[in-house]
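In order of appearance the chains are A, B and C, and numbering begins at 1 in each one.
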Amino acid sequence: MAGSRKSDWVPQWPTTVLVLALSVFATLIAPAVAAQSGPHRASPPTILEVTDETGRMVRVPQPVRRIVSLAPNLTETLFALGLGDRVVGDTNYCDYPAEALSKAHVGGPLNPNLEEIAALHPDLVLATRAINQLATVRSIQRLGIAVYATDPRSVEQVLSSTERLGGLLGAEQRAATVVADLRQRLEALRARLSGGEPKVVLFVTWVDPLISVGRDTFLADALRWAGARTVIDARQDWPNVSLELVVRLQPQYLVFSSDQPGQIQHQIAELRGRPGWRDLGALRGNRIIVLSEAFSRPAPRLVDTIEQLARALHPERFAADRPAALRSPARLAPMYSAARGAL
Amino acid sequence: MSAPDTDRAKGEATGQSAPDAMRVNVEQASYAYTKRGHEASMFTLEATTFQARERELVAILGPNASGKSTLLRLVAGDLAPLSGRVELDGFETSRLDARTRAQRIAIVQQESPLVFPLRAGDYVLQGRHPHGRSLWFESDADFTIAANALAQVGAEHLRDRWMHEISGGEKQRVVLARALAQQPLVLLLDEPTLHLDIGAQVELLARLRRLAGENRYTVIVVTHELGLAAEFADQIVLLHRGKCLRVGTPAAVYQRELLEQVFEAPLEVETGPEGRPRVLIQGRR
Amino acid sequence: MQPLTLARTVRTCALLVAVLIVVMLLALRLGAVPFSLTDLGQNLWWLATGHSEKVSTDFLLIMVDIRLPRILLGVLVGAALSVAGASFQALLRNPLADPYVLGVSSGAALGAIVALLIAPMLPLMTPLAAFLGATATIAGVYMLGRREGQLDSGTLLLAGIISASFLSAIIMFLMTTLASRDLRGIAFWLMGDLSTALPPGLLWVLVVGFFAATGAIFTTASDLNLLLAGEREAMHLGVDVTRVKLVVYVSASVLTGLAVSVSGAIGYVGLLVPHVMRMLFGSDYRLLIPTSAIGGAIAVVLADTLARTVVAPTELPVGAMTAMAGAPVFIYLLRRRLQ
């Protein structure tokens, strides 16, 4: 047997030296590579430094010609401000108005595709704290793209947020008009409902598990504007609620918000048969209100749905008016039932 | 530690067998197992003395729980004696580091189950580990030694077979081959005949006897098989409940009263040809 | 039976590295924004030869800023998890062990969540806190997993499983009771997600950490072979069992901690890649460690490429992809083993 080959062994010394050398090499060329991988964009003519609604400093290039929106409510707001043609990209879930569906999609709000966003060369990306991740915002920023985030926690903040966006994007006039009109309507609503008792409602975000809405959200505030008060008082934004507690408190109305009324009907029918749920007076007495998805979006249409909810809860305050002339576009067909309606 | 190598070299150079050197020296060695925190010991092996030379097969004999395995672990250096000394070629065995010990002492015990499939050849090759370094790959010399080890136990045909597919007896041989691949000076075996049938038992002991002579090993076997020990051992260390009752040749140790006391069985001792004792069982009295 | 030699080890690794390079090029080419091979080649050549001004801005932005770091991260995380998995399988003497069985990933997740709650605005906080969480878990499980002063596989496994459950319970508690909105993203992170870009310095920390820990494990590779044939036998063959177990435990846990801190708990890679490599190249750890590393890199880069292209522009978390691909592979391996 040719047994003259010496023991093949990887000597420990050279291996350690190799590993150390690799590490040193890595740390040395790191700055060089890092320098190359900085943001690669042409520097814009003017920069406007603003603080966004989450307290971050954002350097917005002026003028803003290309916008990517990462949330449906932001897309709606942009269109409402007349900036629809500046929107170059939005999410898969941006469905209002109809033109939003034809824009380039960058994915979902929680995990949008960075490459798509980068390829659209936006001047500004809009995000909102309620739906988007901080990590996403940071990743986009690292590419040298400005990201402005909103965080409205009340109806008034929805309006002021819209104003601020208008100012940022050079649409102050339009924003002022839109917001003034909305404020007027809200004031009129407040006057109409003054002196009345707020109705106790349970806003149902999700059924299994039962999730409602917390007191610091714009939704809770919207309920207040509509002459209602949420039966659950929670600090969390989307609290898991105990059905027992709800049954004990017996809210006067159940409120849902969805653009798929058929599905909601189906669900409500199923809930009637469930133990616990069927003990709810609101369910038995058909005091159920289904609003459109717009009620869950902090955008101009929110006011429409607040008005609808107010009508449904306090019909006696609206008796003098003509029942029609809702300001919502035809696409929305909000379904609501007054106490004697059939669902 | 070069003493044993030069002995062997000396023997080979002069062409005549050097006088068999004393390898293992156990002098008044004792041990006690204590449970942590308790003063009283759970089991004590009392002071024991014996020596083992090259080419000698020693049997540590006794019934269960007599302290045989404890004594073996003392010889292996796994345990340090509470009193007395256990030496290998003049060095305190338990003070040597694991690697040095593994280069000189090979132990055959009940094997642990394998987690991943392993071929017999690779298993035997593991015996070369004490002679290598970390991060090493085996050399041709190592492969040769492993192959020879398999040949010495008559298991070359098992080289490419999977360990979990071979029979108990075949596995025994492979485990022994691994011990041989270590090229040890001392071979320790703990109850190697436990699951073997009588034919395999005799074959194993005969092989050990032969290897001790050919490779100049010191073989120390722990067993409770009276017949095998008598037939194959040069020296017997008789243990009973932690005490060493007698050390000597089989003829000297196999006294009827002594054996009956130790093994608590009705026995009769005869002398066979070549002066080796034979033990007979008195079934009905 | 082929004896394992240095030459064969190097040859096998070289082959796998070649496969890895092909996969990486594929990953570079595919994505929401397509690049042709010639584009790719030309731009890479310009970059390499110092003509970076010729390279298009789009290429730099998408390739160098987004895709390349993500692919490199995938390589590192895949390699780290596979080496950790192979090591734990040896340490715990259990073919079903994966890097998360000792609770390191739950500890890292808890660290990340606490960071998000306390200081969501600091970018480095999350991976750092995650790594601290991982380290604390390593130390804790080590304390629990000792028996008579030494790491005992059975005890260690139990300690790890219990710690993992306990930490997961705390995580669930925090997620349901706390008000912070920033926690929603954790769901993606828990599944394993490579889409979060890292500060460049962190990537290099990962590289150094990976090589140091893997190197340490590699030095014990032949000891591990012996350990697997029996702890007592290994000791009698000269292996310093206590030291080897400690080195492997710490290094493999560090690898897991590093991987999980930056990309969440990507599943199945640490469990399956070592088994596939064993099937292809044998159980010798001197070959298994390097091949698992490269194989893991290949697996994660492939999975991530699929995750970001299969339903573009939506991105699936890479952990979902490894689970979908991993489950059938696991079933196949299980059946083969039973035969």
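FYI, contacts are C-beta pairs under 8 Å (C-beta built on N, C-alpha and C of every residue); 3 or more make two chains touch, one makes a residue touch a chain.
Worth saying up front: this structure is predicted, and the values here are computed from it rather than measured.
Peer 1: Note the shortest touch-path length, in steps, from chain A to chain C.
Peer 2: 1
Peer 1: Nearest chain to the global Cα centroid?
Peer 2: Central chain: C.
Peer 1: If you average the Cα atoms per chain, which one ends up farthest from chain A?
Peer 2: The chain lying farthest from chain A is B.
Peer 1: Need the CA-centroid distance for the pair chain A / chain C, whole Å please.
Peer 2: The answer is 34 Å.
Peer 1: With centres defined as the mean C-alpha position, give me the chain A-chain B separation in Å.
Peer 2: Centres of chain A and chain B (C-alpha means) sit 77 Å apart.
Peer 1: Approximately how many whole Å separate the CA-defined centres of chain B and chain C?
Peer 2: Going by mean C-alpha positions, chain B sits 45 Å from chain C.
Peer 1: Among the residues of chain B, which ones contact at least 2 other chains?
Peer 2: Residues 132, 134-138, 143 of chain B each touch two or more of the other chains.
Peer 1: When you check chain C against every other chain, which residues touch at least two of them?
Peer 2: Within chain C, the residues that touch at least two other chains are 5-6, 218-219.
Peer 1: I need the residues of chain A touching at least two other chains; which ones are they?
Peer 2: Those would be 8-10, 12, 15.
Peer 1: Under the stated contact criterion, what part of chain C meets chain A in this complex?
Peer 2: Going through chain C, the ones touching chain A are 5-7, 31-33, 47, 52, 57-58, 60-62, 64-69, 116, 120-121, 123, 126, 176-179, 181-182, 184-185, 188, 193, 195-197, 200-201, 204, 207-208, 211-212, 215, 218-219, 308, 312-315, 317.
Peer 1: Give every residue of chain A touching chain C within the complex, in rising order.
Peer 2: Residues 8-10, 12, 15-16, 19, 22-23, 26-27, 30, 33-34, 36-37, 39-42, 55-56, 92, 105-108, 110-116, 118-119, 129-130, 133-136, 138-139, 142-143, 214, 216, 235-237, 240.
Peer 1: Spell out the part of chain B that touches chain C in their complex, as residue ranges.
Peer 2: It is residues 76, 78, 98-103, 105-107, 109, 111-112, 114-119, 121-123, 125-127, 129-130, 132, 134-138, 143, 159-160, 182 of chain B that touch chain C.
Peer 1: Considering only the defined contacts, which chain C positions touch chain B in the complex?
Peer 2: 1, 3-6, 9, 89-90, 93-95, 218-223, 225-226, 228-233, 235-240, 278, 283-284, 286
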